[in-house]
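Here's the structure we're looking at; comments come further down.
Chain nomenclature is as follows: A, B, C, D and E, assigned in order of appearance, with residue numbering initiated at 1 for each chain independently.
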Amino acid sequence: MRLTADNLGGERGGEPVFDGVSFALAAGDSLVITGQNGSGKSTLLRVVAGLLPVAAGTVRLNDGGEDFPDVASACHYLGHQNAMKPALTVAENLDFRRDFLGHPLMTTEAALDAVGLDSVGALPFGYLSTGQRRRIALAGLLVSFRPVWLLDEPSAGLDLASERRLTALMQGHLAEGGMLIAATHLPLGLDDAKALVMPGGGSG
Amino acid sequence: MRLTADNLGGERGGEPVFDGVSFALAAGDSLVITGQNGSGKSTLLRVVAGLLPVAAGTVRLNDGGEDFPDVASACHYLGHQNAMKPALTVAENLDFRRDFLGHPLMTTEAALDAVGLDSVGALPFGYLSTGQRRRIALAGLLVSFRPVWLLDEPSAGLDLASERRLTALMQGHLAEGGMLIAATHLPLGLDDAKALVMPGGGSG
Amino acid sequence: MAETTISGRLTNLANPTRFLELVGRFLPWLAAIALLLTFAGLAMGFAAPEDYQQGSTVRIMYLHVPFAWISMFCYMLMAAAALGTLVWKHPLADVALKAAAPIGATFTALALATGSIWGRPMWGTWWVWDGRLTSVFVLFLMYLGILALTRALDDPQRSARAAAILTLVGVINIPIIKFSVEWWNTLHQPASVMRLDGPTIHPSLLWPLLVSAIGFTLIFFTLHLMAMRAEIWRRRVAVMRRMAAKRAENRAPA
Amino acid sequence: MLALYIRDVKLGIRAGGGALVGVLFFLAVIAVAPFAIGPDANLLARIGPAMLWIGALLASLLGLDRLFQVDREDGSLDLLILGSSRHMLPLTVFVKCLAHWTASVLPLVVAAPVLGLLMNMSPLATFATALTLLAGTPAIVFIGAAGAAVAVSLPRGGLLVSVLVLPLVIPVLIFGVSASYAASTQPDPFLPPFLMLCALMLFFAVIGPLAAAVALKGASD
Amino acid sequence: MLALYIRDVKLGIRAGGGALVGVLFFLAVIAVAPFAIGPDANLLARIGPAMLWIGALLASLLGLDRLFQVDREDGSLDLLILGSSRHMLPLTVFVKCLAHWTASVLPLVVAAPVLGLLMNMSPLATFATALTLLAGTPAIVFIGAAGAAVAVSLPRGGLLVSVLVLPLVIPVLIFGVSASYAASTQPDPFLPPFLMLCALMLFFAVIGPLAAAVALKGASD
């Protein structure tokens, strides 16, 4: 499986944000995007996921097989928002994700265990602290399988122990042949990741 | 002016979260709160601001004078949410803050300049990137005067340059006799700050 | 560290504990007296002469009037409890309010039902939208609204305040019910017992009515105390469960 | 305070939807009336004021449940509560109510005369009804604010808020409708019920924001 | 898809305090009518079907504007759009509409016969009204979904939404109400307007989700 971007351009509200971005990831590869605020990291991730239209160039997934014909079907996207419902319990949220996305991977308990929050399954998501919410969102990556992870500042709000757990999760995903693109301001502990620095930066 | 907390306790949803927290800040003092996810940092800040009821103990502001009789009237509270309206422009948001809070301090342009975003005043707040939004929220601290700043992970989502700017802003506030309590997972660059480590941590 | 507040929580409930003890002692007596009075009142009512206008249907009065009175009395009780919650923050006040709501709703429903059963022969219709009837119907809606609200907010502290405020704002309906017959002179009977210038009802009908009203009021209190006891127990179980979960968590930190 | 008013009106107008859905609903209510009553012009004119009031009452409920919820979700509610040491919180609520009324309910009042024509109402009756709506609808918003504050933490409290509020606004409806009728049918005097309506409005203008402020204080978490 | 349906129904019911609230809401709306119109039993019976329809319309519109907005604000909309490579997006929208209908409108349809009694309606009219509600209210939700999706995508979509939705909602209302009346007043046949209503519903069940899906695809930013 290969994820390639070729001279990709993205725009926001009619204005070009970045241009001419190219990369190629094979199984087990990761890409870490850094850059100033407003330089277009989040925009790039959303363009890759297909949530924003491609302004120029192409992004393609090759050899995804029947299950993963295009990028959108092959990726987990974790944005700034956690995509969980505060009124439902943590377990209900994760169960929904698995049922809706298909390709079940871990049980809810195992996923909660992996982020160190095994006792909160029965609590409403809205009762958690900021960091705990982020960790549940990370657990959401584990309940159903996707070869490509697109992570937007995954470590925002995490404490030290959870940051280490996150690194381990990402390394595990890569070791099993997954791919990963992460936008971040903080070091993520992925040693052999490719690096992409977004130039410029809104008005910062 | 002195801000003192005495054996403070806080609870969330009927459950005690922390207990027996005491500190005393004089003009120019700062306190940095650290701890695991779910250990109660945000809860403590909200209890101090008066946004959550005090479960035990007291928190008091002495010698605030006529203008600042109690803690709530003397503090800027910056939570995880930015308290800005996406549909209004940045300048409208900041102007509203100044008008509503009183004690005007900086002009909107000066405040935007201080966070390095002088050109976005006319954009709707909802058009900004995550880090830019956080920086506007920080600019909100500057448009009207409050001696006490309560900051909940102020540097979340900021790039390197902005982090440094934030440190400078905080040091400036302290140098002018302000006080500051910040909850954070990242070093904030406040060298002579008092430290408070929240014990325990929900289920982390 | 957490232990101190939890034990503090228990001493907080000490007051309710004494309450539970008292209730346990008095409840059987109260229930017995209530039933006795009610039966006596109803028996007297059946022995009383028939009304020259209304015939034997007048006997519904011994049910209808107490039910109607209690439905309003219960709301006033809840309003008092609401004040207790908001002003004195007494832990029992919220329990009292919450426990009273379903009972009040039931009595209001009964008043509506007996009223329309009475209305069928007297007015020739089950239901008319006159001032009195409609304002009682609105009272019924308000009881149900308070019930729905307390069910929608699961956190007891938050729901306590919310229900208290709603109850207090709804108090304006009570004078409307009371005076509706005078403001809109409608089908319904004007007040004949509780008047400033003394009752205008014949004593042979009045006495059974008063006795059965007292009996039903005592039944109401019996039910209310039982419901309060159940609510306190329910909350204790919830606190205990949370404490147990907390302890299990602390024993096995991740 | 003025700043808050201007901000909320701006938001109400800019975010759109609200006011227009209200007018749409209002129009739909009026449109069904001829079907309900039959094309009897006299009867239509007779129940006209009542239909206008029912429509306006129900339309003002649309969006009312979100009065404080939006502020809670983006953190502005904290700002308003902290500001309460300077401006009293009930006053803040009062101003928010006024802004909501201006942006979402005032269009209904303005549209009422046009709809009166559709209902075959006499100009006098139409005018009187619009006047009673002008005086009465703020009361609905004030009391609705209390309901919205009580249910602020419920993500989709729409129906619940209406359930809580409707029984309480019935007195407003009674006096509003009877004042509208009094204006067109000669013997009844217009002023007593209208003054009563104004009194109710003023009463709720005090009670509603007070209750809402107490509820908001308790709800913050 | 079933998972999505169950999640949305759960959210709708949990947030609003359960299905009971729907019935209560209806009761409150119905209780309002006699106050406005006066206690004339005949007139009440006549406007009964119209009141039931107005209540149902209001209940379907309450919260409908938030159908996609909540999902957008908490990021779930991205999840739904990404999932569209597996489940078609219009189908997703369709399921969300059904869930909204189940949680907020179905309780009203079920309660309608009981309320007919209160309004003094004949059993036949009551039953016919409930039937038209069952057939017609989904159409409102489907059109509303298209409007809500457009509103999500345009930051200032207010006006457009109403212009889009207005000409579509009113025919549903009119056919629904006239079918209800036709059932009880002899000369008019019940079937033609009712079939028209069903046709409208089926038409919107296709058009609404399709339009909404297109709007949502364009909306994500």
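What we mean here is this: contacts are C-beta pairs under 8 Å (C-beta built on N, C-alpha and C of every residue); 3 or more make two chains touch, one makes a residue touch a chain.
Predicted model only: the values in this text are computed from it and were never measured.
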Where chain B and chain E overlap in contact partners, by chain label: A, C, D
Label of the chain whose CA centroid is most distant from the centroid of chain A: C
Most contacted chain pair (by C-beta pair count): D-E
Label of the chain whose CA centroid is most distant from the centroid of chain E: B
Length of the line joining the C-alpha centres of chain A and chain D, rounded to whole Å: 45
Separation of chain C from chain E, taking each centre as the mean of its C-alpha atoms, in whole Å: 36
Separation of mean Cα positions, chain B and chain A [Å, integer]: 29
Averaged-CA centre spacing for the pair chain C and chain B, given as whole angstrom: 47
Contacts with 2+ other chains: residues of chain D: 14-15, 73, 154-155, 157, 160, 163, 166-167, 170, 221
Where chain A touches two or more other chains, by residue: 12-13, 80, 86-87, 116-119
For chain C, residues contacting two or more additional chains: 138, 141, 144-145, 148-149, 152, 157, 249, 254
Interface residues, chain B side, partner chain A - complex: 12-13, 35-38, 42, 80, 116-120, 127-132, 135, 153, 156-162, 185-186, 201-204
Complex contact set, residues of chain A against chain E: 12-13, 46, 49-52, 69-70, 72-73, 75, 77, 79-88, 92, 95-97, 99-102
Residues of chain B that touch chain C when the two form their complex: 9, 11, 13-16, 18-20, 55-56, 199-200, 203-204
Chain E contact footprint on chain D (complex, rising order): 14-21, 23-25, 27-29, 31-33, 35-38, 47, 50-51, 53-54, 57-58, 61-63, 65-66, 73, 154-160, 162-163, 166-167, 170, 173-174, 177
Complex contacts: residues of chain E adjacent to chain A: 2-4, 6-7, 10-11, 14-15, 73-76, 78-79, 81-87, 220-221
